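Two complexes, one shared chain (chain A), two partners (chain B, chain C).
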Partner chain A sequence: MSTQHIAGKRLGDRLILLAVIVLALIWVAPLIWVFGLSFKPNAELMRHTNVLFSPPFTLKNYTDILGNSSVFRWILNSAIVSLGQTFLTLVLCSLAGYGFARTEFPGKKVLYIAVLAGLAVPEQAVVIPLHHIFADLDLHNTYSALILPRLAAPFGVFLMTQYFKAVPKDIEEAALMDNTPRWKIFWRVVLPLSVPAQATLGIFTFLNAWNDYLWPLISASKPEMYTLTLGLATTQGNFAQSEGIGFLMAQAVFAGLPIFVIYLFFQKYIVSAVAGTTVR
Partner chain B sequence: MKLNDICKSLLACSVGVGALAAMPAHAEQTTITLARFFGACEADYGKVNDVTKAKGECGIITSLVNQFNATNKDGIVVKPEIAEWGPYYDQLTSRIVAHNVPTIAVMHQSVLGDFVSRKLVEPLDDGFKSVGINTADFTPQARHGVILGGKTYALPFDTWSWLWHLNTNILKKAGLTNADGSPILPKSPDELLAQAEKVKQATGKPYFAWTTANETAAPTRTFFTLVYQQNAQVFSADGRKISVHTAAATNALTLMNKLWTGGYIKKGLDYGATQQAFLNGDVAVDVVGNWTIDDFYTAAQKPDSALHDGYDVVPFANLYSKQAVFADGHSWVMIKGGAKSDKEKKAALTFMKFLWDHDFDWSRTGHLPANNTVVQSAQYKAMPFRNNIIDITRYGVSTPSNVPRQRAIEAIVGEEISSMMLSGKAIPAVEDAIETRVNTLLAGVK
Partner chain C sequence: MAGIQLAHIQKRYGTTEVIPDFSLDIEPGEFLVFLGPSGCGKSTLLRMIAGLEPVSDGEIRIADQPVTHLPPGARNLAMVFQHYALYPHMTVRENMAFGLKNIGLAEAEIERRITEAARMLELDKLLARKPIQLSGGQRQRVAIGRAVVKEPGAFLFDEPLSNLDAALRNRTRVELARLHQRLKTTMVFVTHDQVEAMTLATRIVVMNQGRIEQVGSPIEIYRRPATKFVAGFIGSPAMNFIDAAPIASDNRHLTVRLPDGTELETAINADQLGNGPLVAGVRAESLQIDESSPIRGRADVIERLGERTLAYVTLRDGAVVVAEAHRESPIASGDHVGLRFDTRNIHIFDQAGRAWHGN
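So, the complex of A and B:
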């Protein structure tokens, strides 16, 4: 390889790096702005929002959030709903995925297509029927109502099916020859192999559940059953976009903190999931 | 444990139970729920029981509830169920479907008709009589807003309207103030255009800030005001058809278009930016509702403010023959199924009476009182600028209560007017689109 070619490649790499840095800065700038404004007094932001780095600063927007006696209840609700959804989604999708990948039963293909067709149905299309079903069952304002509708996860079934299909059959066949029951093979052999896919699905499910706003808005009308996203939204005044900008920004930061922490711990899995691969 | 100790314990328990049983009946709690928006401000007002110490919509309603809970002698506990303002009515509807109905709910008068026509709201005439609320004390605008088909369906709490917030410092530079510093307001569309040009020439600033981005309510309220001032109406008598191929509607749209194309409206402003533009002295007039009076007045007290010694507020200037301005109001309703017993109903009415008696406190938010006694009180008139706008309680014009889906109509009309201003859509096309879209919507309402 010629020196000129190597130099050209280096220049190209640097230009790409520069472009990545610029794009990252463009992406992160609004987040920094949100974070900065969350420490500014609302009265000042009513006049200007381009005062990020100049005093005065205040913690009042955060103390206003924490001063609401319900906020920790809302965090607890979000945690219960998010963890509940994540756990049950993993259980259901793993079982369904294994069934579709490894077992034969009548109507399997039709059923699988039906599950995948669920990917094409927007959640808004089923909100009203869902609301009626849960109203008839008298389940609104319960954790069941907040968790159960989100367990229909065609993407999760698809992901787990594809993953289980990629696990070499030899491993299972050896166990089957030893007359090991299938559920035991699933539990002891296949499931441990699928941890990377489970992690990916689990993270996505948790993030979606934590950020969910539409369904909790419709199902939870009692403040004690609000999730964090919904609860924080109810604390906004009618003209918060003018009179409470700092408070809005603090809410965004506060609600996003758990997600940020999760990202820090699981970024390897999140990045690989977004890239379309699962970490093995 | 010795027998003696057991006997003592049993005796103590008996005394305790006996004491509980002997408590007066009124000490039993009756809990009622109050669905509302206006935000939550527990950190500042969660423990304030004296409403006179509260400010702003959230602070005052929170303190009113606290004060009622602390002072009422009937053992009534009002439990607020606060919802976000944007999806409030959708959530309320979903609660009704799910049989999880609040005892009392706040409701805009422009929305009340929809709920009444679906027979979801309790008439309150008898209930009001039983607690001493005299509907004759309702202001004319409030009466129009809450009395439908001869029955009273809600307790009016306020009237809010469409105002001109004025930077008289800018108007003065353009020679548009009197010797006493009061503003010279236009009395016709031509005068308005001339004044707007004067401001532009004298200061280089646009006359108006009104929200044209991410909002449809503002242009609709201006449009309706201009139509009403021509003694006209866009809705049919039965409320089921809109007609804007009329001289009044065309005049209104033409004026709005001239203001826009003439550069007399500051462009690209969403709601927050509109208020910023006014507070920073970028425009002479901010067209917005009552709720900003307090903020602007507070800003005007600061020496470094562009509004210092130069803030005034008036109703939307009368540009045509009839004194009129768009108005709406907040009210309190009892939705059917909300009060589970007569006792709860009585408790709800008692709380409503408390709110009615504190209409003055609510009027400190900038909203106009719905109670005539408050309107005429010296205490109310002593508040800044209230004398300028108080007559709106008399001549404010609401959209007729038999027009369903008023919020959706407001959005459609606003979208089309925005198209006219932002993308140059021709006025006849705007009128066609408003009629087609709104009448299709109205035709679909059962």
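So, the complex of A and C:
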């Protein structure tokens, strides 16, 4: 390889790096803005909002959250709904995925195609029927109503099916030779091997559930059943001017913290999931 | 140790018949090897014995008990898989203990068996490791250890050495032979590698297209192959096959003429042999380079293997045969050489592929 070619390649790499940095800054700038404003007094922000890096700074917006608002209730609701949804989705998708990957039953192919077809159904198309069903069951404004509709997760079933198919069959056969009942093979042998796929699915499910807005907006009409996204949206709509932008920004930061922590700890799974592979 | 009886075993996938009708008695304590090319049904047969593959028809008995419809874990067998099939998330100790815990064995007994097997297979220092931290050879030893601790009636091996490099394969082969001598348990071994079969087996079953071609001891199969398929499959280099026409026979000697005009008087009684065209078979060690011989050819390729030298010789009619020369023979590529047939060790194959041997 010639020196000129190497120099050209280095320049190309640096230009790509520069472009990535610029794009990253564009993406991260609003977040920094939100973070910065959350430490500014509301009175000052009533006058202008281009005072990000100049004093005074305050923690009052955060102490207000801790002292007065409904944010904790909404965070609790969001945590219950997101964790419940994640746990149940993992259970159902793992069982369904294992069934599709490793067992034989009549109509398996048709059923699998039907599940996959679910990927093509937009959320908005089923909102009204779902609303009717949960109204008939008198379940609106309950955790069940917030969790159950999201358990139909065709992507999760697909992901787990593909993953279980990739687990070498002879490991299960070795377990059969070891006198292991089917349920125990699933529980003790196959499920532990699927942790990377479980982590990927779990993270996506949790993030989707945490950020979900449409269904909670329809199902939860009582403020005590609001999830965080819904609660913040109502606050923004009704009280942004009176309670102050700084307080609003602090709520947003507060709401985003769990997501941030999850990204921090599970980023390798998220990256591999986005890349379309799984870490093994 | 347990004997295994296979009675009229059949295996079909839809309309495809993989094993048409297979019967065999495996004696208690013997080391039986199923040998054959890929796709001959040997692994399917082993999996049917293990219970991992349902039998379409026929009966399997282990230790005189019918097990045809029993699940794999209830057959008192242990299996070693080609790709080890260790549980990746468990340590070596947990891998070995898993099956024993499933049958409710006491902790003390589990520990005793693991300690004993680990000492026998030199796994003592690896017990706390996970499979990913082991080399291929170590993994295979763990797989064998996992089978040994079960103290089964019979061991099943599904090409367990094929993933190892040549040196490790040789070593593991010797370890398996030692293991069999020590445990004296029935072992059924599947391979397509004739060296493994020849060195390990007390009996070899040569299979082709789901059928038995021949059952016998390694030497028997090498010296007196029952069919042309067996003769061609066993031995390295493969047996030389040359078209032959019968020209004279009495009740002790059959004389045939080869395409290049060479006439060979064999030690074969040809009373039952038909009149059709034949094939003469001769192994390289029975076809020596001998300058004094009138049978001539040109040496194209010379292989010096250390203990012997092989020459690929083109005969006058264009047929190529492999002959053996002395290990220090000065023979070179392109030389015109003489060939001497050891007529006592010539085999004749009739049109149906059946073999006829000298007495």
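FYI, the second predicted complex is superposed on the first by the 229 of 280 C-alpha atoms of A that agree within 3 Å, B and C clash if a C-alpha of one lies under 4 Å from a C-alpha of the other, contacts with A are read in each partner's own complex, and residues count from 1 in each chain.
Here is the rule we use: a residue touches a chain if its C-beta (ideal position, glycine included) is under 8 Å from a C-beta of that chain, and two chains touch if they have at least 3 such contacts.
Not measured: the values here are computed from a predicted model.
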Identify the partner contact of A:His132: answer first if only chain B is touched, second if only chain C is, both if each is, neither if none is.
-> first
Partner chain in contact with A:Glu173 - chain B first, chain C second, else both or neither = second
Of chain B and chain C, the partner touching more residues of chain A is B
Of the two partner chains, chain B (first) and chain C (second), which one does A:Thr235 touch, if any: first, second, both, or neither?
-> first
Of the two partner chains, chain B (first) and chain C (second), which one does A:Lys222 touch, if any: first, second, both, or neither?
-> first
Go through the superposed model and pick first if A:Gly12 touches only chain B, second if only chain C, both, or neither.
-> neither
Name the residues of chain A shared by its contacts with chain B and its contacts with chain C.
-> none
Contacting residues of chain A [partner chain C, same complex] = 168, 170-171, 173-180, 184, 188-189, 192-193
Of chain C, residues touching chain A in the complex | 50-52, 71-74, 77-79, 81-83, 85-89, 98-99, 102-103, 146, 150
Across the complex, what residues on chain A touch chain B?
-> 43, 46-49, 63-70, 131-132, 134-135, 138, 140-141, 217-218, 221-223, 230, 233-245
Along chain B, where are the residues that touch chain A in the complex?
-> 37-44, 46, 56-58, 80-85, 87, 90-91, 94-95, 97-100, 270-272, 275-276, 279-280, 291-292, 295, 298-299
